[in-house]
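Per-chain numbering from 1; labels A, B, C and D assigned in written order.
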C-alpha cells in the first residue's frame, strides 16, 4: 500500500467534516439573506419554502436515512399544523411558542402511529400502507369538522406577537425570521443526529437490517424512534405553517402534499440534509419560474425536469454534484 | 470446565422432513471446533436454530448455562453469541471504522445516543484502532467498504464480530470467496482469536479445518455422525459413506 | 407558488403608462390541475369583460395578475395573496374557486386595505369573515333551496338526499332539507358519500331501498357527476320513476357533451345557464367564447368573473383609482345592474349577490348540442344560508 | 336477500373493472419490477385515442378499442426505449421520480391537445342499455367488462405460465444475466412485456371509461387506486390481482351501501389489515 496514511492523520481529515456544519449554516443563512434581499416583498413565499423544507427534512430522516418508502408523510406535518391551529382557534392559547410545542408533540405522536403501521411491511406494500394511512388521516380530519373545519379549513388562528414584540403581519417579516431560526436550529440538531451513533445505526438498518440484528441491535425499535423524531421535525413545519398562514386546510394532510415532498427529496438526493434542502429550494423555485413563463402547461416542464434528473443526475441534484466533487478531489489526490 | 455453549436434542422438521435431528453438542471457552458436512446436511438450518432466526420443534440451546431457546436472535447476540456471515454483509457506504465503532457502541448500549460523533469518543476509538490495527485494516479505516478488497471485507466481518466481545463465535465459512493470495491473512486472524473464546467454524475447505480446529463435528442428514479429533475424521466409516454418497470421489476430505 | 403572471394589457398600454401606474387586480384560482377548466373560465370571464369594456377606467389602466392554486390549499392561497398585496401592490383581490382558499385570505384584507371579490367560493359564511368581501357568484344554499320547492310542487313528498361529504355537499343537504321540510315534504334519508367515489351502484341500490320518490343530489362539477348520472340511468332508477333533483353544479355546460342523452330531462336550479336568452348574455357568450377558444368549455365561473370585473370597475370608478378598500366596498353596496345571467344586485347587508335562480332542464338544442333550458324563474333570491346559520 | 345478491353483483362488476384497468400495472410492477406510476397515463392515452377514433373519425366501438391499444403501444415504444430502459433495476424512488415525471408530461400534453373537458367513448349499440337479471337490472356494459376481465385473466395466465415466452420472461426477471447467457434476448422480452402492459392499460382505460371517465387529470386521480389493488394482490400475480380486485371491490361496495359516509375508512382499513397479515400481498412472489 503506497498511499498508506496513518490513522491519526485520516481522522483529522475526517474531522474536517465538522467544518461542514459551519459551511451548512453559513449556506442556509446566506441563501436566506439572498432570498430576503431579492424578494423582500415576497417573504410569504420564502416562509412557505421553509415550512416545506422542514417537511422534506423530516421525510429524509425516514426515507433517506432509514430506507422507509412512504407516500404518507404529510400525516405528520398536518397533525402538527392542526394541533397548533386547534390550540389557538379552540382554546385561545395564542402563544406561538406554545403552539409550536403542541405541533411538535402532535407530530411526534403521529410519527409513532405512522411508524407502528408503515413499518409492518417493506417495499411496495409499505408504500401502499403509507398511502392508506394518509387517506385515513385525511378522512378523519374531514369527518372531525367541528374541530378541524373540515373541507372549509380551520380558520380563526390568531398567534400573539413573539415575546409580545414581533407581530405576525401582512408583510411576513416575523414569520420569515421565526421560520429561519427554526430551520437553523432544526438543521443543526439534525446534523448532530445523523452523525451520532443513532444516525449511524439507522444508516446501517437502511442497508441491511438483518446485519444490525446480528450485531444485537433492534431495527424496529430504532426505526420507530426515528419516526417519532421525524414526526417532531414535521410537526415544527406544520406548526410554522399554521402560525405563519393562520389557517390549516385538509391539503396539509393530503396524499398530494406527501407525494410532492417525496419528489422534492428524491430530486435533491436522499440521505443527505443538504439534498433535502436543495431539492425543496430548487423544486419550488423552478415551479415558480416555469409557471410564470408558461402558466397553463407548467406541469409538463416540471415533468420534464424530473425525467431529466433521473437521466442525468440519478443520485439527485445534490447527491450527484457531491459525488462529482468527491471524484474530482480523489482524482487530484 | 463448564460448557459456555450447549445444544441438547435439537430438532427441527420442515413438512415431514427432519432437517435437524436430535443434535447435541457442548463447547467450553477456548474450544476450536469445525462443523462440516456435505451439501444439504442441514448446516444452515443448524446455524439458524442456534442463532435464533428459527425456533426448534424441540430441544434446547444454552449460553453460559442460561437457556436461550425462547430468546430471539437479538437477545442471543446480547448474551454473547455472535456470528459472521458466509457472504459478507457489510454496509457498502460505511467505513470499517464506522462498522467496528457501531458494533462497540451497540455492545455497550450506546448506539441509541442521538448526540456526539463516535470519532470523538476516545474510549470507543481506542478499541476501534486496536481491533482494526490487529487485523491489518488500520490504513483503510476511513475508506468506504465498497472501495476495499473482498479479502479485507472478510477481515472486517471478523473485526465486527470481535468488537461485540462474544463468548461464542460462529464463523460461517470465513474464507469463502477470498482469493488464494489473501487466505493467509485470514488464517492468521483466526489463529489470533482470543484464547478464551469458543469458536464454532462452519467450513468446506478441509485444509483450513485441519489447521484451525482441535475438534471436528460432521453433520449429515441433520444428525451428528462424527464428533472427534480432526485426525480421525477421514478414517471414519460413516463420514466416508456420507461424503461418498453425495460426491463422485472423496478427494475433498482425503 | 404556481404563479402566473401575464399582463392583460397590451404592450402599447405599458408604453403609455408613463404617467400612471396601472391598477392591479390579483386573481387567485385553479389554473392548472384537476380544476384547470374552472380557472380557465375565470380567465375567460375576465378577458371577455375587458375586451368589451376596455382596460381603462377613467385615466387608469387595469392590469390582471394571476396566481395559481390548483387544489384547495389555504396556506398557499394566503401566501400568494400576501405576495400579491405586498409585492405586486394589487389594489383588488379576486377569483377564489374554493372556500378554504378565500377564508384563508379574509384576515389580511383590512391590513392590506384591499377588497376581495369572490368569483366562485360558495360557502355562505365567507362574507361574514371580513367587511371587505363582496361575492358575485352564488352560494350552495342559494341554488339548492329553490329546487326543494320544485320537487314538492312536482308531487314528490319523500326524498332521499345524496351529497358528497365535504363543506358544499353538507350545505346543499341542509339547504334542501330546510326548504323541503318547510314546504311539507320529508327527507327520508341523508347520505354523505366520500368525494373519491367511483362506483355509484351501491348508492343507487340504497336509493331504491329507501322507498323515496325522488333523489336530491349534490356532487362537485367534473368527472364524478358523469358516473353518478350514468349510474342513475343504468341502475333503472330513471325507469322506476324516481325523480332527480340537483343544483346546477351537476349539469354544468362543459360536462353536458359527456353526459349526453343520459342527462336529458334532469332538472336543476342554478343562477346561470349559458343558453340564457338575453342581449346581455349573447354579447357575453360571444366575447367569452372568443376568450376561451372553445364554446363547449364555457361554464358558470365565467359569468361570476365577468360580473366580478364589473364590480371592480365600479369600485375603481368610485375611488378614482385611489387605494381605499372601505370606500370601494361601500360604493358597490346596493349596486344593481343587468348581468348576462339576468338582473342582479349586491345586497348592502351581506355584500352577497341577489339574483334570479332558474329552474332548468337538460335538453337538446336545435344545433344538436346539449343545453340547460330555463323553464322557470325564482326572482331576486338572496342567500338563505346566512339566515340559517344565525 | 335480494339486496345481498344485488350488492354481490355490483361488487363483482366493480372488482372486474378495477382488475381490467390495473392488471397491466401488475405486469410492469411484479414481473418487470418497475414502479410504474405512469400506468394511469397510458390508460388515459388509450381512452383519448378511442374517444377520438369513435367520435371524430366515426369508427365503431370495437375498431376504436383496437385503435386505442395499438396506438398507445406505438406511443409507448420510444418511451420504453429511451426512458424506461434506463430505470430497469434502479432504486424504487428513482423509478417513482421518473414515472411521475412522465405522468406530469402526459397530463400537460393531454390538457393542451385535448382540452380539459370530459371525453366519452360511445358504446356499441349492443352494449348500451340494461339487462334484466330477474331480481334487478344491470348495465349490459358491466357484463361486458366482467367478460373482458375473465378473458384477460385467462389469456395472461396462459401467456405467463404456459408459453415459451412466459418461461423466458420469468427467467429474465429472476436472473437477467443467467437468462441472457442462455440465449434469451432480455431486452426484447422486456420491450414486449412493456408493450403488453401498456396495451392492457389502454384496453382497461377504454373499457373502464364508463366508470372512470377520461379527462386530463385521470392519470393522477386514479393512480393510487391502481397501485393499491395491485400491491394488495401481490405484484406480478394474476390470480392475486384478481382476488384483490374482487375482495376490495366487495369491501368498497358493501361499505358504500351500508355506511356510505365511512366509505373511505372501510376501504383503507381493509388495505392496512390485508397488508399487515400478508406483507407481500395476497399472492406475492417471494423476492
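Here is the rule we go by: a residue touches a chain if its C-beta (ideal position, glycine included) is under 8 Å from a C-beta of that chain, and two chains touch if they have at least 3 such contacts.
Bear in mind the structure is a predicted one, so any value in this text is a computation, not a measurement.
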| item | value |
| --- | --- |
| Any chain that touches subunit D and subunit C | A |
| For subunit A paired with subunit B, centre-to-centre distance based on mean C-alpha positions, whole Å | 42 |
| Subunit A-subunit D separation of Cα centroids, rounded to whole Å | 33 |
| Euclidean distance of C-alpha centroids - subunit A vs subunit C, Å | 37 |
| Centre-to-centre distance between subunit C and subunit B (centres being mean Cα positions), rounded to whole Å | 73 |
| Junction residues of subunit C - those touching two or more other chains | 33, 36, 40, 165, 194 |
| Residues of subunit A engaged with two or more neighbouring chains | 139, 296-299 |
| Residues within subunit B bordering two or more other chains | none |
| Touching chain combinations (by label order) | A-B, A-C, A-D, C-D |
| Contact set on subunit C toward subunit A in their complex | 1-6, 31-33, 36, 40, 66, 68, 71-76, 78-80, 82-83, 85-87, 99-100, 103-104, 106-108, 111-112, 123, 125, 129, 165-168, 170, 194 |
| Complex interface listing, subunit D residues touching subunit A | 29, 35, 83, 86-87, 90, 92-94, 96-98, 100-109, 111-112, 224, 227-228, 231-232, 235, 261, 264-265, 268-269, 271-272, 275-276, 279-281, 284, 287 |
| Contact set on subunit A toward subunit D in their complex | 63, 69, 117, 120-125, 127-129, 131-133, 135-136, 139, 143, 255, 259, 262-263, 266-267, 270, 296-307, 309-311, 314 |
| Residue ranges of subunit B touching subunit A (in the complex, touch as defined) | 51, 73-74, 77-78, 82-83, 85, 89-94, 98, 101-103, 105-107, 110-120, 125, 129, 132-133, 138-139, 141-142, 160, 164 |
| Subunit C residues within the subunit D interface of the complex | 33-34, 36-37, 40, 165, 191-194, 196-199, 201-203, 205-206, 209, 222-223, 226-227, 230, 234-236, 239, 254-255, 257-258, 260, 294, 296-297 |
